[in-house]
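Have a look at these structures, which come just after this line.
Shared between the two complexes below is chain A, which has chain B as its partner in the first and chain C in the second.
Right, the complex of A and B next:
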């Protein structure tokens, strides 16, 4: 245990407490966003740079934008709370008692848990040669546990459809253009490097930390920036090419799984000589679908269009 | 492992704070934050366990957490859409 680890853990706990007990809703949201960033930092310390990238881009970045966007549309002063502390009521006291007991049991369980030699990770690391990519996490996501990832794309599409059904696009999605031209020119300046780093992250997923999720999240961040500065805006028109891109990841994943059954005999098994190009193809199509889905969860509209200057 | 891992305490604390917030807070957005706290605690716990594989970090829990992050943010976005609709029901009538 180093000082930095202890400090990070302490800050995580303080921010979680702040998030739960802050009097104003805005303070709680800000505490949550900072917690996400510190969590990303902790995961770097815990040898999980892949996840740190994803948490920084999605958990702290995109989720923060979504939370603040919703907060702005709530009636002013809503979500204030006066009695969040355990000593302010019997219900709070009972809840606190139970949660402290849970925390003690969980901490002891986490302290005791060990992984035996038969863990799934041992098998995954041993079979890495056959996966077509060098990065173990990408190999698990796209090859060994491909079915999970496919279903996840389904969940992403379902929540997007649900969100679109719930929101009224023109009032929720349209953002007023900013008063000064400065944000727009800054956005134009930052767009190419952000797109480049997003695409690089997708490509790098084959051999180093990165991949479809991290790269897709960075690309979605670029889209959110364009929408916030008014360069892109949501439109109510149904956009067929856009819908095709939204389902591209799931469709290509399923198709490659089904079409290769005659060659391999199993659903979602890949022949050895095709596996690397297939992995790259699937990874890029997943990244495009993830980026667009995350971005449209933000705009809440069925279509997107460029704003004419 | 002789001492207590500080991150194990943090993971347990995040889950417990999240559950407490879910019990105590009345506002839906605060409850959504609390659920996300629990989720973050679970992710942290999974990453901690992944480190205990002798050959290096276990990629399977890592992949599960990566999937979990995306699922959590999309489910939260759906919850936020529900909260917006509840806060201003006049915005969302059937056209």
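Right, the complex of A and C next:
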């Protein structure tokens, strides 16, 4: 296994180098997607399956789709070799040297760090029973450090608003389904199993690796597939139900945190007998908001609509 | 009861932002309620903190070391107070400023309460990772706001801002990971005791965290994203960015330096930060003097003024502590007034090139009054808040025998006088020809007087410093 790990580390370095040195943008994007997949494998080797799932679904999957989508919309020829500025070479050399130096110092520092049992981690495992779920990662994300997760939903929403602002006013033509070799019948065939596995991942978060972010990313993937085959398309008309669903996760999370204060005495605490159902409810609502946000980052439109044959 | 205040300060504006998003059209009146309520909550919190003990909220009730705590002490209360006062003023100013553009207006009234919640969350956080999340929130709230001026004009500036901010986050996060690996906790109150001494990774983590924060705070040499972003955003947004968003990063530096990083940092590191600050003061002021656009003058002035707050680090005595924080307050109020006044000029002229300013003294008298009064505080003349802050920094430099900072303080003040008077001189010159180029509408009383009220407040800060400095208290862990 040491050989495998070594090979993995070497490949990661090579692919990372390829990302920044590739001659064309498309090659760099492909290298980046492969890098994400190998990174997910590394997380598996480091026994962090939650991170592996998130990295594969978001890092390699959705990020790759977003990058490729952007690449396709670039004017032809841009992003290839541009004329270099005069001191580009030396600036790149300095940046590269700085990164190598930082990596060496980091490696030295990590080498001498002895990992003891972390106080916060130990406390989390000790109180897992009271947290309402069996999976420590989910307990941290939705209970012990629920506040962080809630604020992350704010990050996602503001990013979405910012991205939609960059979108140029669309002509109707731009909204038409892109030409794709993926036939719609195939998408219809794949849709149920993808939706099912996405929902399963959300549900599984309670007792095994998975959860709102991983499941939401898979659901968003299903949406991207529908958009790519033209079954679903972006629309310039934004509608109230969609906006409600986009804030559903954050709103439900906050309101349950505030409204239950009389029962628990603390903000974002759950009463003992309601903790599991509440957390599952919140997890699913978060997954819906995450999936829609990620999908709309892909379409880049304030609304979505079905394509009628 | 008081421990509900920090929670409310985050979630009242947060929910208001979500509600505004769902509503789908601008509802400026709603934000007036929110910023008013926010101010009342901050005043209640300050009155609870001024009696000594910090107000602490344990989120989820899991206790140390597991839960995230919100904590308001004197420093946090002062920053919240600055934010709340500016929130009231900017929210009023933005009503007429965004009236004619329904689509950007909706986005502004959605993003602004979310950014307010993020700033409050940052000032209240007592957790190293939660601080990372709040820093991200603040940045990702600020960048779309820059874009409100129209993507064509600002997309370069916003993208550069985004790339720098992401680099800063990444570097900061690497430092946090190193700290957690050693200490096993992220709680700022527990960290000083939990960090092992004499390791390489301790100072390395401190260096990474400080570098990350310096990038976010646009401290020289990481300032290059700031002038374009702050100079091209709508005036209300520029005021928020310059007065609060970059200051949040410097606040974090003060908080961490005197708290968890205290055993990891050396006097030399403090001198280095002081030198960066001094360079920022001189370089930023000089650049402000050379600009040909009004808003870029004000933006470069921010680069310079942030440098003063860094002069705390080499001196590290209570006078320097009070001076640096008070400078943050005074600059925040005065810079918001400057940007709002500059926004009024831009609104009237349709452009902000300095040579176009000739002859605007009649129609824009109130806005120019605001610009001049705020300039008094930026220059550091008595009786303004800027004077009090510089006086405290000056006495700290004499007290610690580091006289060289005194020369920087004086040179910075003179340069500031240079760029402020350069603008005012042009504004009071007669126009070359009577047929002036196209002029827009004269800004209404709400736009003119919010700027003036803030400028007057910047002056008044020089007179009411005693209760505010009481609220701040002594330097944490320091003597004298």
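FYI, the second predicted complex is superposed on the first by the 280 of 309 C-alpha atoms of A that agree within 3 Å, B and C clash if a C-alpha of one lies under 4 Å from a C-alpha of the other, contacts with A are read in each partner's own complex, and residues count from 1 in each chain.
As a convention for this text, a contact is a pair of C-beta atoms (placed from the backbone, for glycine too) under 8 Å apart; a residue touches a chain by one contact, two chains touch by 3 or more.
Quantities reported herein were computed from a predicted structural model and do not represent experimental measurements.
For the composite obtained by superposing both complexes on chain A, the positions of chain B and chain C are free of clash and fit together. When the two complexes are overlaid, the chain among chain B and chain C that reaches more residues of chain A is B. Legend: residue contacts after superposition of the two complexes on their common chain; A:250 is shown touching chain C, with no touch to chain B. Once the two complexes are overlaid on the shared chain, A:20 sits against chain B while remaining clear of chain C.
When the shared chain is aligned, chain C comes close enough to touch A:240, but chain B does not.
When both complexes are overlaid on chain A, the residue A:155 reaches chain B and chain C alike. Applying the stated contact rule after C-alpha superposition, one finds that A:188 touches neither chain B nor chain C.
In the overlay built on the shared chain, the residue A:119 is in contact with chain B and with chain C. By the touch criterion defined above, A:39 lies against chain B but remains apart from chain C after alignment on the C-alpha atoms of chain A.
Shared-chain residue A:306: touches no atom of chain B or chain C. Superposition on chain A leaves chain B and chain C with their closest Cα atoms 5 Å from each other.
Within chain A, the residues touched by chain B in the first complex and by chain C in the second are 106, 110, 113, 115, 117, 119-122, 124, 144-145, 148, 152, 155, 159, 162, 166, 168. Touching chain C in their complex are the following residues of chain A: 105-106, 108-110, 112-113, 115-124, 127, 143-148, 151-152, 154-155, 157-159, 161-162, 165-166, 168, 238, 240, 243-244, 246-247, 250-251, 254-255, 257-258, 261, 264-269.
Residues 4, 7, 11, 14-15, 17-18, 21-22, 24, 57-62, 65-68, 107, 110-111, 114, 117-118, 121, 129-130, 133-134, 136-137, 140-141, 143-144, 147-148, 151, 155, 174, 178, 180-187, 190, 194, 199-201, 204-205 of chain C are the ones touching chain A in the complex. Contact residues of chain A toward chain B in the complex are 1, 5-6, 8-10, 12-13, 16-17, 19-20, 25, 28-29, 32, 35-36, 39, 42-43, 45-48, 50-51, 54-55, 58-59, 62-63, 66-67, 69-71, 73-75, 78-79, 81, 83-84, 91-92, 95-96, 98-100, 102-104, 106-107, 110-111, 113-115, 117, 119-122, 124-125, 136-137, 139-141, 144-145, 148-149, 152, 155-156, 159-160, 162-163, 166-168, 171-172, 211, 213, 290, 293-294, 297-298, 300.
Chain contact summary for the complex, chain B toward chain A: residues 1, 3-21, 23-27, 29-30, 33-34, 36-37, 40, 43-45, 47-67, 69-78, 80-85, 87-88, 91-93.
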